[in-house]
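Naming follows writing order (A, B, C, D and E), and every chain is counted from residue 1.
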Amino acid sequence: MSLSVLMPVFALMTSLLASVVLFALPEKGYRLRTTINLVAAVVKIALVAVMIWGIARGREYEAAFTMLPGVEFVLRADALSMLFAGLSALLWLLTTIYAVGYLEDSPNRSRFFGFFSLCVASTMGIALAGNLFTFFLFYEMLTLSTYPLVVHRGTRKSLRAGRNYIIYTLTGGAVLLLAIAWLHGLVGDLRFQEGGHFAGVDPSLQVPLTIIFVLLMTGLGVKAALVPLHGWLPQAMVAPAPVSALLHAVAVVKAGAFGIIRVVFEVYGLEAAEAMGLLAGLALVAAFTIIYGSTRALYQIDLKRRLAFSTISQVSYIVLGLCLFGPLGVMGGLVHLVHQGIMKITLFFCAGNYAETLGVHRIDELDGAGKRMPGTSVAFTLGAFGMIGAPPLAGFITKWTMGAGALEVGMDWVVAVLVVSSLLNAAYFLPILHRLWFAEQQQAWPHERRWGRLETSPWLLWPPLVTAVLLVLAGILANVPFSPLSWAELIVLREVAL
Amino acid sequence: MTIHLLYAFAGVALCGIGLFGFIRLDHLLRKLMAFNLMGSGVFLVLVGLAQRVGQPDPVPQALVLTGIVVAVAATALAVVLIRRYYHLSGQITLAEPGREPVKKPAADAHREGPTE
Amino acid sequence: MIEWLLDGMLVLALLTTAVAVLASRNLFRAVVMFIAFGLLMALAWVRLQAPDIALAEAAIGAGLTGVLLLDAARHLGYSRGGRSE
Amino acid sequence: MTLWLMAGLLFTPLAWAVLTLLVDFRKGRVVTWLGILVQVLVSLALWAAVASDGGFYYFLGGWQAPLGIELRVDGLAVTFVLLTALVAAACGWHASVYLDPGKSWHRYFWPLFWFLWAGLNVVWLGGDLFNLYVGLELISLAAVGLVALGGQAAALRAAIRYLMAALLGSLAYLLGVALIYGQFGTLSLADVTALLSDGTVAAGQTFPLVLMLFGLALKTALFPMHGWLPPAHGIAKSPVSALLSALVVKASFYIAARLWLDLGGHLGGYELAQLIGVLGGLAVIWGSWLAFRQTKLKQVVAYSSVAQIGYLFLLFPLTWGVTDAISLQAQQGITLQVISHALAKAAMFLAAGNLIMSVGSNRVDALAGVSRFLPFSLFSFGLAGVSLMGLPPTGGFAAKWLLLQASLASGQWWWLGVLLAGGLLSAAYVFRVYQASFIDNTDTDHFFHPPKSLEVIPLILALLSLGLGLVAEPVLSVMALPFEGSSR
Amino acid sequence: MRVLSVVTMTAVCLAFAGLLGLAVWHIAGSPAPVNLPGLLAENLDASGVEHPITAVLLNFRSYDTLLEIGVLVIAGIAGISMAKTTSLEDPDLRTSDSLLYALQRWFVPLMLVLAGYLLWAGSDRPGGAFQAGAVLAASGVMMRLGGIPMDFLRPGVLLRLGLALGFTVFLLVAVASALAGEVFLAYPAGFAKPLILVIETVLTFSIAMVLLALFVSAPVNRAQEPEEGEHE
């Protein structure tokens, strides 16, 4: 067993083992649990960092064994998987810190952190999956491990949200399974490979391949919350804030988007997909989702619900990016996978802070919160500006790259979509910022808690601040090696082969 | 056609009759008797068909002996179950308690006898 | 020919008793019919050149099962199965 | 060596049945532990022997078929022997803690348990049609005895209903055997197959096969003949339910499958295969729906068995008139389904028993708050549920995957709907239980906490079922082993 | 509705009988390819007994018989597990019928003799353990009906020993033959006849015990156990 085989396995195992240990831990073992959580997260970051370093220098990491006759289980680390793995490893650490503070004295912490780790293990598995079969395996594992997190509070509302979530995702999973099984029956076990498999494919396979593509997109679209498959996402807001952060920024929607990237790039191949005319339809769906999500967000009063609709809109940037069929556009889509994650997690951390510290859930209750919680509010403001696409923040890099990509391939209408969406983003974020900073506090906070001199618990305060800094850095240092943008460029050069 | 085959067909008819009784009758003892009739029919088919040339064949005969013992074991067990069931519920059919009025309280069911 | 006649009658008797077992309204009579059926079966086995089975059928089929059922019928009450008593 | 192992395999359960009959429950428990150890070791050794050397025929009494009785000891058979050993060991262990030694009639649990185990081994190994009949009866009567054990009226009603169904099924099977004997003059399945494939006997006489399949399907509770199963499995003690659902219904299915694979090609037909498949599909849909509607926890699990058994019958259409490769794929899928369902369902019933013990009620909605205070049994229940839903990486998923492939490859795409809808419907009833348990309406732990050993057993079974998907390849490779030499 | 169901059932049963009859007719049309009776006759000498049916039951297909006794024992166990047996002095069980009394005075000894004869005859003539056991059981039933106390039928070690005896001996013979180097149930050469005789004798006894036990385990008391999770 060489290290190149073991690395991906270790990366997966850290959180899997952590989850097993956490389940077994008694409810009261607060210190031990926190230690295990943090150690596992740090170890994982280290492992991923080593792999990123290795991949940048051309090493390969792969572990595989035969699971069923004709079907392999493959874990493989390539540049694309590291994009996602790096994001989730980094954000897992922050979310864990945040969750420790957030759930300080709520019940069922063993269960929560157990499933939390399981969820991250699944995400890591999705990132490292080397073929569609393995991908599906972890994709479904993710569904299952997030359910207990969504219904964590055990209230009627959260149970209903959980039920909806599970109906959507399992149905999506069934569709995905059908597509994968069909594809497997048609052409055998498909490893993800640069440039895909279907360049110059037999024309007789055209029709089934098209149907399978639609099925695949439907199955993945549920998690990626493409309209009209997005229904579960706003409801899942009842979950605790770290869970929402996880669902929106790191795990679930990203798993869907990442799956779409894998399928388009490395199963069908960008050129083949374009040649079969599959991308145009996807681009339209993505564009519609962007506009639809932003528009719906305008009308939400609940802060987390507004963020949820914003997620629906933002994730489709990623999908739209790959449909642009040119190096710049693809780069824009890929880099947004990371950027959106960092920005959205910042926003959700902040929303969680407002809720936990002040008891504020609705936007019209936020008046004057900037003075009470300056740190949180600065982070929120940065996140919001990032979303709108203000330079030099991360969101700007995305939109700029994508816009340039669209012009490059002559899809001018995409620029219009980007502009309209940015305007809508501004329209639903700026009023919040106005209330935060410029409105006077109207009434007492609904449910305030105090932590001495700090505005809130340090466990809750640091994570959003760190992510806010990250999103600034991602924008300013976009051209430095190992920045998200440079890494996306590396992926495009190496794997998309345009 | 030999006499043996005639009995095989008699077995066929018994199977039919027994099956009818088995699915038609509700009373558990009658069901049980219907089952035994059917069993006899099967045994007749087994031996009669195997001996259609007219010569006795010890193998199916041995099988039938085994079959009879198995059948009597099953019957005896069924009788025990049915009787206990009757004592506990006062019922002699498999109908759910709600559907058929319980005729007698279970407590004095066992005192019921033919000769008083 | 006479053989066939005899066997035919035996088969007929078998089937008639079988029907009688199922059709008789009185549970007690049904059991008695069942015992009669067992004895006829024993005869049938003799005709099938299977004396071993005949013995077993007489002892077990007619004898033991019959007594078992009779006893059970007595405990369950004669009139439960039909309306004639 | 192998001969000794075979003797041990046949002897142990019967001998322990006698031994435990003579002692009371507590002593029987100790004796049983020893017996379980022996039997598991023997089964493992036999499995290993066959996995390394291939299968063989074992002639009981030294008489070759057709005069004597032969046992077919091949990869599939020993896999099932081993499965039985694992599941029965788990159930026996669970029962030894779960059952109340104070109840005098519980002493009879052990002999019946051992006879059941013996009967199962008879069926897995049986190569003689009549011997299989006796094995089936052994299983049925022992199972009925276990359901009725010390029961009150409802349990007795279930037991009687079960007995009646089982008797009718056995009789139908026996009638089929009678016709087969009349036609072929032999009771050895291998002989009959040989006679059919070398054309000595013209094919075309379907009725005997139909009769046998009908009888076996009735005993396997194929829709619409499933009515007897939920009451019996729902009302028996949990370890008994686990044995029944995990193993007993599989025995009759196993015979049906062997008959079909050996004789179906000659005596079966497309319509028959499709009809059985359709009934299986309806069982999946209808059983899951009914499971969803039940208010009692164990009834949910019992109806889930009806649904899961439905999948098994897809074997019939997927192996008839298709290429050998597709047929093999379908057989492998069904084998995995049998194994994973056995493990998962045993885990589920045992976990359900623990949950019922803890909350003191059989109702699903009484589970509120369990997730907080009794995570272990719930976790086992959940893991088993994942396997039933056919989600990766469980054995259930591996089975579903192979069946999907077989359906696609054989062009019988209509089974896809059954496979996918079945998974979703089973998710519906499993998540209904989860949902009930996640309701957080109490802050105090008023639940009874069962002993740790009770909680560990279902967890082990559930983990095995989960891991099966990962090691499916090696398991299947043993199953497909050829016989030592060419044939017997 | 009721009429309809009767009609359907009749139709189903007629169709079943018709198909079955047709199948029998077809099968009867051609001879069986394997001549098992001939094979049996050739090997009869090696079986140790002269009567072919006994040879089949206790040698060629002895495994069937072993399991079949197992089925009997199971039924017996299940039966006595039901019976929280009543005391045998229960007046309900004692029949003071003078006819029965007379019958049993004459019949029981006769039946015991008959049972002995059947058992002894088994090796070369019709008869054998099953028939003998059944007759023995029948005489026991008569004694029981006549109110003769038979203490060994109370659930206890004695009864369970009786149930298991025949099966145990059979099983021990089987495993001893396996340990002696042969396969399960293969009697060593020359021992076939005595072993079969021993087995038959104990079987007779055990079969009678099981059948009797099932007969007397008619339930009388009302011991109930609540369903799992249901409080009383």
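By our rule, a contact is a pair of C-beta atoms (placed from the backbone, for glycine too) under 8 Å apart; a residue touches a chain by one contact, two chains touch by 3 or more.
Note that the structure is a prediction, hence the values are computed from the model and not measured.
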### Task
Count how many hops through touching chains it takes, at the least, to reach chain C starting from chain A.
3
## Note on the structure
At minimum, the number of touching-chain hops separating chain A from chain E is 2
### Pair of chains with maximal C-beta contact number
D-E
### Query
Which chain, with its centre taken as the mean C-alpha position, is closest to the global C-alpha centre?
D
### Summary
By Cα centroid distance, the chain farthest from chain C is A
### Task
Express in whole angstrom the distance between the two chain centres, defined as the mean CA positions of chain A and chain B.
67
### Task
Could you please state the distance in Å, as a whole number, between where the Cα atoms of chain A are centred and where those of chain D are centred?
43
## Note on the structure
Chain-centre distance (mean CA atoms) for chain C and chain E, in whole Å, is 19
### Task
Determine the centre-to-centre distance between chain B and chain D, using the mean Cα coordinates as centres, and give it in whole Å.
28
### Query
What are the residues of chain B that contact at least two other chains?
9, 13, 15, 17, 20, 24, 45, 49-50, 52, 56, 59, 61, 63, 65-66, 68-70, 72-74, 76-77, 79, 81-84, 88, 106, 110, 113
### Summary
Touching at least 2 other chains, the residues of chain E are 20, 24, 27-28, 32, 36, 40, 53, 61, 64, 68, 71, 74-75, 78, 82, 128, 130, 211, 214-215, 218, 224
### Task
Mind listing each pair of touching chains for me?
A-D, B-C, B-D, B-E, C-E, D-E
### Complex contacts: residues of chain E adjacent to chain D
19-20, 22-24, 26-28, 32-36, 39-40, 43, 59-64, 66-68, 70-71, 73-75, 77-78, 80-82, 84, 157, 160-161, 163-164, 167-168, 171, 174-175, 178-179, 182-187, 223-231
### Message
For a test of understanding, state which residues of chain D touch chain E in their complex under the given definition.
### Response
3-4, 6-7, 10-11, 14-15, 17-18, 21-22, 58-63, 66-69, 103-105, 108, 111-112, 115, 118-119, 122, 130-131, 134-135, 137-138, 141-142, 144-145, 148-152, 154-155, 175, 179, 181-186, 191, 195, 200-201, 205, 207-208, 211, 235, 237-238, 298, 353, 356-357, 359-363
### Query
How about chain E: which of its residues touch chain C in the complex?
53, 118, 126-128, 130-131, 134-135, 137-138, 141, 211, 214-215, 218
### Query
Inside the complex, what are the residues of chain B that reach chain C?
3-4, 6-7, 9-10, 13-14, 17-18, 20-21, 24-25, 27, 29-30, 32-34, 36-37, 40, 43-44, 47-48, 51, 56, 61, 64-65, 68-69, 72, 75-76, 79, 82-83, 86, 92, 110, 112-114
### Message
Give the list of chain E residues in touch with chain B in this complex.
### Response
6, 9-10, 13-14, 16-17, 20-21, 24, 27-28, 31-32, 36-37, 40, 52-53, 55-57, 61, 64-65, 68, 71-72, 74-76, 78-79, 82-83, 92, 128, 130, 207, 210-211, 214-215, 217-220, 222, 224
